[in-house]
Amino acid sequence: MATETRTTQGAPAPGGTSFSLSDPTFRAIVYQILVVGAVVLVGWFLISNTLDNLARRSIATGYSFLEREASFGIGESIIDYSPKDTYGRAFLVGVLNTLKVSVIGILLATVIGTLIGVARLSSNWLIAKLASTYVEIIRNIPPLLQLFFWYALVSDSLPPVRNALNPLPGVFLSQRGLWVPGLSHSPVWTMMAVAFAVAVVGTFALSRWAKGRQARTGQIFPMARAGLGLLIGLPLLAYILGGMPTALDMPKLTGFNFVGGKALSPEFFAILTGLTVYTSAFIAEVVRSGIVAVNWGQTEAARALGLPSGPTLRLVILPQALRVIVPPLTSQYLNLTKNSSLALAIGYPDLVSIANTTLNQTGQAIEGVTMIMGTYLTISLSISIFMNWYNKRIALVER
Amino acid sequence: ATLDTVKQRGFVQCGVNAGLPGFGNPDSAGNWTGLDVDFCRAVAVAVFNDPNKIKFTPLSAQQRFPAIQSGEVDLLSRNTTVTLTRDTSVGLNFAPVTYYDGQGFMVNKKLGVKSAKELNGATVCVQSGTTTELNLADYFRANNMSYNPVVIESNDEVNAAYFAGRCDVLTTDVSGLAGTRAGVAPVPDDHVILPEVISKEPLAPAVRHGDDQWFDIVKWTVNVTIQAEEFGINSKNVDEFVNSKNPDIQRFLGTSPGMGKALGLDEKYAYNVIKKAGNYGEIFDRNVGPGTPLKLERGLNALWTKGGLQYSAPFR
Amino acid sequence: MSQAAHQAQHVLSGEEIIRCTGVNKWYGEFHVLKNIDLSVQKGERIVVCGPSGSGKSTMIRCLNRLEEHQKGTIVVDGIELTNNLKNIELVRREVGMVFQHFNLFPHLTVLENCTLAPIWVRKKPKAEAEDIAMRYLKRVRIAEQAHKYPGQLSGGQQQRVAIARSLCMSPKVMLFDEPTSALDPEMVKEVLDVMIGLAEDGMTMLCVTHEMGFAKSVADRVIFMDRGEIVEQDTPDSFFTNPKSDRTRLFLSQILNH
Amino acid sequence: MSQAAHQAQHVLSGEEIIRCTGVNKWYGEFHVLKNIDLSVQKGERIVVCGPSGSGKSTMIRCLNRLEEHQKGTIVVDGIELTNNLKNIELVRREVGMVFQHFNLFPHLTVLENCTLAPIWVRKKPKAEAEDIAMRYLKRVRIAEQAHKYPGQLSGGQQQRVAIARSLCMSPKVMLFDEPTSALDPEMVKEVLDVMIGLAEDGMTMLCVTHEMGFAKSVADRVIFMDRGEIVEQDTPDSFFTNPKSDRTRLFLSQILNH
Amino acid sequence: MTDTVKHVGLPDERPPSNIVGPVAWLRNNLFNTWYNAILTVLVLLLLATAVPPFITWLFVTAHGFDATSQECRAGGGACWGFIGEKLRFILFGTFPYDEQWRPLLTIVIFIALLVGSCDRRFWKPWLGLVWAVGLTAVGILMWGGVFGLTPVENTLWGGLPLTLILSVIGLAVAFPAAILLALGRRSNMPAVKVLCVTYIELIRGVPLISLLFMASVMFPLFLPNGVSVDKLLRAQVAFIMFAAAYMAEAIRGGLQAIPKGQYEAADGLGLSYWQKMLKIILPQALAIAIPPLVNTFISFFKDTSLVIIIGLYDLLGAGKVALSDPSWRGFYRESYLFVGVIYWVFCFSMSKYSQKLERDLNRSHRR
C-alpha cells in the first residue's frame, strides 16, 4: 500500500518552519512584525513630531521644574504647604488630596452602598422601593452634574459665614463649610492614641485566644462585644485617667473667617458627597447581586443544621457573597478614584487641578500630563495586582 | 510657516477668554465680542482683509498655554500678562501691550473693608493658572498676612462662587473686576473695588516661539491701531487720509509701498485694519470705555502723547 | 435494591417523635397543605410519594420550619413549632435534612462542612467535632476525600457528604427531600446504599423519593400525597400490591410503567 | 444492538486512507501518544476503546489536526498533516468529526448548521447546500426539525444533527469521539442506530466508544489503547472472546461487569 | 386486589384573611417584624416631611414657563420661566436661532434610530443601512451647505444633539475597533496580545478628562507642524479611544463565555479563522455581550458631559452657560433638574432595556 503524498517527500518535520504564508507559525511572525512595525512607526511619528515641535517652539523639557518654587496657594492640604514650597511638593499635596477624598469616599460609599443594597432586598416593601428608586435615579445622572448640584446647593442654601448656623456648641455651618471643635494640645490625646493601639493589638490577641479556646473546649467567646468593648473602653479609660481634659480648640469667628477647630470646605464636601452618592448607587447593585448570587439553598442548609442567623451570615453567606462582590467592588473603587479628577470643575485642589496649574505656569504640558497619567496608572495597577492576588486566593476549587 | 498655514486654511484660529465681558465673551447670538477679540479680528483683517475669517477657541486659564504651544491656536489673545517665564520657558512671543492693567481686589460693601491691607485671614476667590494666583500669594506673603484661596478653573465659576458668598474677596485684574461688577454682579453697587493695585499686568497678544514672520505680523497689526490713533486716523475717516501728502502716513497706509510686503502681507494691510477693525481708541471705547457697562477710563492706556503708555514704534 | 429481606416490619418503640395535627398551609391563594395529620414514631422509616406539586416537599420542610404552616400544630420531639426562634433552633438541632441539590458549602472543605454545625451549634471542641465527622465520613465511605472541596467531588459523593454533615449533629430524625433525583443513574445506588445502612441502624427517617425499590425494601410506611392531602398511608406491601384509592392506583401505574 | 448479523467481516477495498507512522505527542512533560502506528482502509469501521485518559480522544483529534502531533507522520487521503494550513484545510474537508458534546452552533437553525460549511468551505450555492442538508437530515430522521434551533432539541436529536452536519461535507472518513456518552440512556439507541446505518453504507469510521454492543455488531476492528499506546488490535470476535494482553482482559472485565 | 375507593379530595379552602388581602399585604410587607414596623413608620414620616414641600415647590407655588426673572426672584417655588426662556439654548446650544429646527430634527432622528434598534426583529443587516442613512441625514442637517441649508460651523453645535452625536457616533466607530482589540487580547500571538492589553489597561487606568485635555489642547503637538484637526473631531476621537477600550472588555467577556467546543467544531468543519470568527464565534459572543455593551453605552452617554471641561457645550454645558446670564443667575435647581431629567430619561430607558434584553436572551438560550 504505497501512499503517494501530495507534499514533497521528506517534508520538514511538523513544528519546523516552512516560510510560506500557509504555515501558521510563520504567518504569526509576519503578522506580529507588521503590527508591531505599524505601532512603532506611529509611535515614532508622534514622538518625533513632538520633539520637533518642542524644539521649534523652544519649549523647555524635563522635570527640573519640580524643584522650583511654586508660588501659588492651595486651599487645603494635609501636609504643610505654602507658596514658598516647590512644584514637587505642590503636586504631592494634590496627590494626597486625591487620595484623601478617594479613601474617605470609598469608605462612605461602601457603607452607604451596602446599606442601600441590603435595603433593596429588605422584606419591607417601602424600604425596598425607596432604595431602588435611589439607585435608579443616582445611577442615571452624570456625576459632573451631581457635583455641580451639590456645590451650588452648599453655596446657595447655607447662610453666609457671619450668620453661620450653630446647631451644637462649637459647630458652625455656613457657605464656607463646616467647622467643628478640634482637640487642643494635651498629652491625654497621645495617651488615648496609644491606648487605642493597645486595644487593637489586644483585640487581635484576644480573638486568637478565643479561637484556640473554642477549638479546645468548644466554648464560644463573645468576641464582637469584647472587641468593641476593648476598642472603646481602653481609650475611654485613658481619657478618664488623664483627668478628662475638656479643653477643645473651638472655632471662633475672627475677622473674615472662623479660626481654629477643624474645617470641612464646601469644595471637599461637594466632591466627597458627589462621589459618595454616585458610587454608592453602583455599590448597592454590586452588593445586592452578590447576596442574590448566593443560592438560597445555602441559607436553608445552614438553617436546617440549626445555625442561628448570625453565624449563618458570617460563616456561610458572607464568605460566598464576598467572592462575587469583591471584584466589581474594586472596579467601583477605581472608578471613584478616577472620577475624583472631576474635582477640577468645582475647585477642589486634587492632583489634576494642581498638575494643570503647574503645567500652565511652567509651560511643560507633556510633563504635567505624564505625571497625572502616571499617578493614576500606578493606583490602578496596584489595585489590579491586589485584585488578581485576592481572586487567586479565594477561587473556589472545582473539579 | 504660520502665515502660509493660516492662508491655506482660510482663517485665523484665535484663543480667547471664554467669558470675560469686555475682553472676550460671546453675546447671546453667539458672536464674539471684546477687546481681545477685536485684536484677533484685526489680525484676520491684516491677513485676509476680512474680519470674519477667524475662529475663536474659548480657553480656560489652564488650557491657554498648552493650546498656543501645541499650535491649537495661532494667536492667544486672552488677557495674558507678559512675564519673563512665559516669554522664555513657556515659549511665547508677546506683541505690544494692548491693555495695561493691574491686579486689584473686589469686596462686598457690607464687609466695610477699605484697604487690601485689612484682608488678613480672608477667603479669596481666584482663577487657577494665572499670574493673579501668583501675585496674590506674593502680596499676602509680603504683607505678612494669611488667606484661604478658593481656586477654580473657570472664570464663570470663580465669579459665581464670589457672588454666592463663598469668598470675601474676588481678585483679578482691575479691568476684569470692573467687567465682572458691571456684567455679572446681581447688584453692582453692593461691591467695591479696593484702591490697591498690587501688580503690573501688561496684557498682550502672544504667539509661540519659532515663527518670526507671524510674530511680526501680530506685532505690527497692534502697532497699526495705536499709530492710527496717534495720527488721528479712524475707521470713519481713513479714506480721507489715503491721499494725504504726509510721507509718514503714505508709508503707513501703504500708498507708498514697502511696509506690507516686508511683512508678507498686502501693502494696504494697515488701511484695511483701520477700516475694518478701527484704531486703538475705537476698539477701547467700543469694548471697555466709559460708554460701555465696564465704564473704564483710558488711564495708563491713553496714548503716550496724552500721558499714557500706549506707544507705537515708528513705521519706517 | 434487591434486599427484599427488609420487607419484614421491624419492631418500633411506640414512642412518638413527630405529631402533626390539622396542618394547613397556603402560598398566597394557593392551598398547598390541607389538614395534614401525621404521627411518626421513633425509629420509623417513612417514604413519602406522590405526583409533582402535591406538597411533599412543603410538608417535609414544615417539619423543621423551613416553611411556616398557618393552621394546625406540629410538635417535634416534644417541642411545638411556633414563631418562637428558640424552639425552632432546638428542633432544627434534632432534625437533620438532606436536600435534592445537596447544598454543601462550596467554600469549606468536606471536613469543615461536617464540623461547622457541631462546633457552632453544639459547641463541641474542634478536635472532637473532627473525630465525629471522620467517623461519619467513613460511614458514608468518603473519608479519604475529607480535605477536598465539594466542587471536586461527583454528585453521588457530594450527596453522601451532605448525609454525613447532617449525621454529625446526631439528629433524632432525618428528613430527605428527593436525595437522589439530581444524581446520574450510576450514583443513585451509592447514595441509596448509605440510606439503607442508616435505616438498618434504626434512624427515624422521612424520605420523599420516587425510588420505589428503596421504599419497598426499607420503609415501614408509605405515605401517598396528592393535591396537598395525605390520600393514603400503608405498609409498602399493601401500598404497592393493594392500593385503596383510585388516585394512588393511577399514580402507581404511571410510576411503575416508567 | 442486536444486529449480530453484521458481525461477519465485510469486504474492504484494500485502499489505504489513513496512515499513522510512529506518531508521538506530549502535553508538556506528559507523553500522551507513544509510537502510534495505524493504517485504516477505505470503508473500514474501527472502534477505539481503552481506559479513561489513555489517549483515545487525543489520537483521534490528531487525525484532523485539532491536536498537533510532535513526532511521526500522519497521512490522510494522501495528504500529510504538517504545519501547512492549506493541507490541514484540505484534510478537514474530507474528515468529519462528531464530538461528545455535539458542539452544534446554538445561534443557527439546524438547517443553517448543516449548510454553513458546504456554503463557505465547499462554496456550494445555497439551494444546493440546503438540498443536500435536507437529504442528510432525513437520513438521520430529523428533517421535520430543520428550522428549529439546537437548544430546542433533545440530546439525542442534537447528536443526530451533529452527524448530519458532518455528513453534509461528504467526508471520506468520519471520526466519532464518544458520541453517546453525554446522552441520557434512552437516547443512546437512536444515535447508535444512525451510526449503524452509516456503517452499512460503507462509510470509513473511527469511533471512540464504550458501547461494546455497537463494537461487536459493526466494527471491522477494535483498537485497545492504554497509557498512550495501542496495546491490541483485532476483530471484535477475537478481541472480546480471546483478548491477548492481560491489560485488555482487565479492562474488559471492568467494562462488562459495569 | 380489592376494589379501590374513589377518593374524593378535600376542597381548596380560601386562605384565612391573615394570609391574603390588603391587610395581610400590609402586615407582610410593611409590619412583618417589630423593626420593620419602626422603619416603616420612620420612612413614612420622612416622606411626609420631604415630599409635600418638594411637590409644592415643583408645581404649586412654581412660576410658569412665561414668568420673568423678576417675578421669580420675588419668591415662590420653582421658576419654570427660566426653562421657558432658555429651553432652546439648553437643547440646541449656540446653533443659529432661526435654523434650530435642524438640531430638533436631528434629535428626532437619533431617538427614532435608537428606539427602532431596540426591537430584536429589526436586527438584520439592513438595520446598518438605516443607520448609515440616518447618520448621513444628521450630518447634512447639522453641517448644512447642501440642499439650500446654510452651513453651520461645528463650533456652534451644542446641547442635546452634541451629546447624542458624541455618544452615538463614538460608540458606532468604537465598536469594530473594540472587536479587534478583544480578539487581539485573546490572540495567541504574544506581540499582538501585549499591545492590546497595554492599550486597554492604559486607557482604562486614566481618567477620561486627562485624555480630553490632551485631545483638546495638546493634540497638535503630536502632529507635523501645521496639520490641524477639528476640535470636535478630536474630542470625538478621544471618546472613541476610550469607548473602544471599555467595550473591548465587555466583548472579551462574551468571547470567554463561548465554549471551546464551538471553536473545535468550526475547525473540524474546515472553516478558516475569519470564517470561524465571523460566522460562529462573534455572533454568539456579541449576543452575550450586549447587556454589558449597553451599560458601556449608558456610561458614555453620561460621560459626554465632561466635554464641558474642554469648552464644548453639550447638554450640561449649555445648561451651565444658560445659568451665567446675569438676569437668570441662581436658578441652578431648575437648570440642573431639567438637564438631569433629560439625561435620566435616556439612561434609565437604556438600562431598563438592557435588563429586558438580558432576560430575553437568557430565555432564548434555554429550551
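In this document, chain identifiers A, B, C, D and E correspond to the written order of the chains, with residue numbering beginning at 1 in each.
Here is the rule we use: a contact is a pair of C-beta atoms (placed from the backbone, for glycine too) under 8 Å apart; a residue touches a chain by one contact, two chains touch by 3 or more.
The UniProt protein names, listed by chain, are A, E = Amino acid ABC transporter permease; C, D = Amino acid ABC transporter ATP-binding protein.
Please read all numbers here as calculations on a predicted model, not as lab measurements.
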Listed by label, which chains are in contact with chain A and with chain D?
-> E
What is the chain whose Cα centroid lies farthest from the Cα centroid of chain D?
-> B
Rotation, 0 to 180 degrees and nearest 5, that superposes chain C on copy chain D via CA atoms = 165
Interchain centroid distance [CA atoms averaged], chain C/chain D, Å | 45
List the centre-to-centre spacing of chain D and chain E in whole Å, with centres computed as mean CA coordinates.
-> 50
CA centroid of chain B to CA centroid of chain C, Å | 89
For chain B, which residues are shared contacts with two or more other chains?
-> 63, 66, 69-71, 160
Spell out, as numbers or ranges, the residues of chain A touching 2 or more other chains.
-> 53, 56, 152, 156, 344-345, 356, 365
Which two-chain combinations qualify as touching?
-> A-B, A-C, A-D, A-E, B-E, C-E, D-E
In the complex, the residues of chain B that touch chain E are 2, 4-5, 9, 13, 18-19, 26, 28-30, 55-60, 63, 66-67, 69-72, 156, 160, 163, 183-186
Enumerate the contact residues on chain A facing chain B in the complex.
-> 53, 56-60, 65, 71-75, 82-84, 152, 155-156, 160-161, 175-176, 254-257, 259, 266-267, 344-347, 349, 353, 356-357, 359-365
Residues of chain E touching chain C in their complex?
-> 1-2, 4-7, 9-10, 12-16, 18-20
Please name which positions on chain C make contact with chain A in the complex.
-> 64, 66, 89, 92-93, 95-97, 99, 101, 103-107, 116-117, 119-129, 148-149, 151-153, 165-166, 169
Residues of chain E touching chain A in the complex = 28-30, 32-33, 36, 39-40, 43-44, 188-192, 195, 201-202, 204-210, 213-214, 217-218, 220-225, 298, 302-303, 305-306, 308-309, 316, 320, 330, 332-333, 336, 339-340, 343-344, 347-348, 351
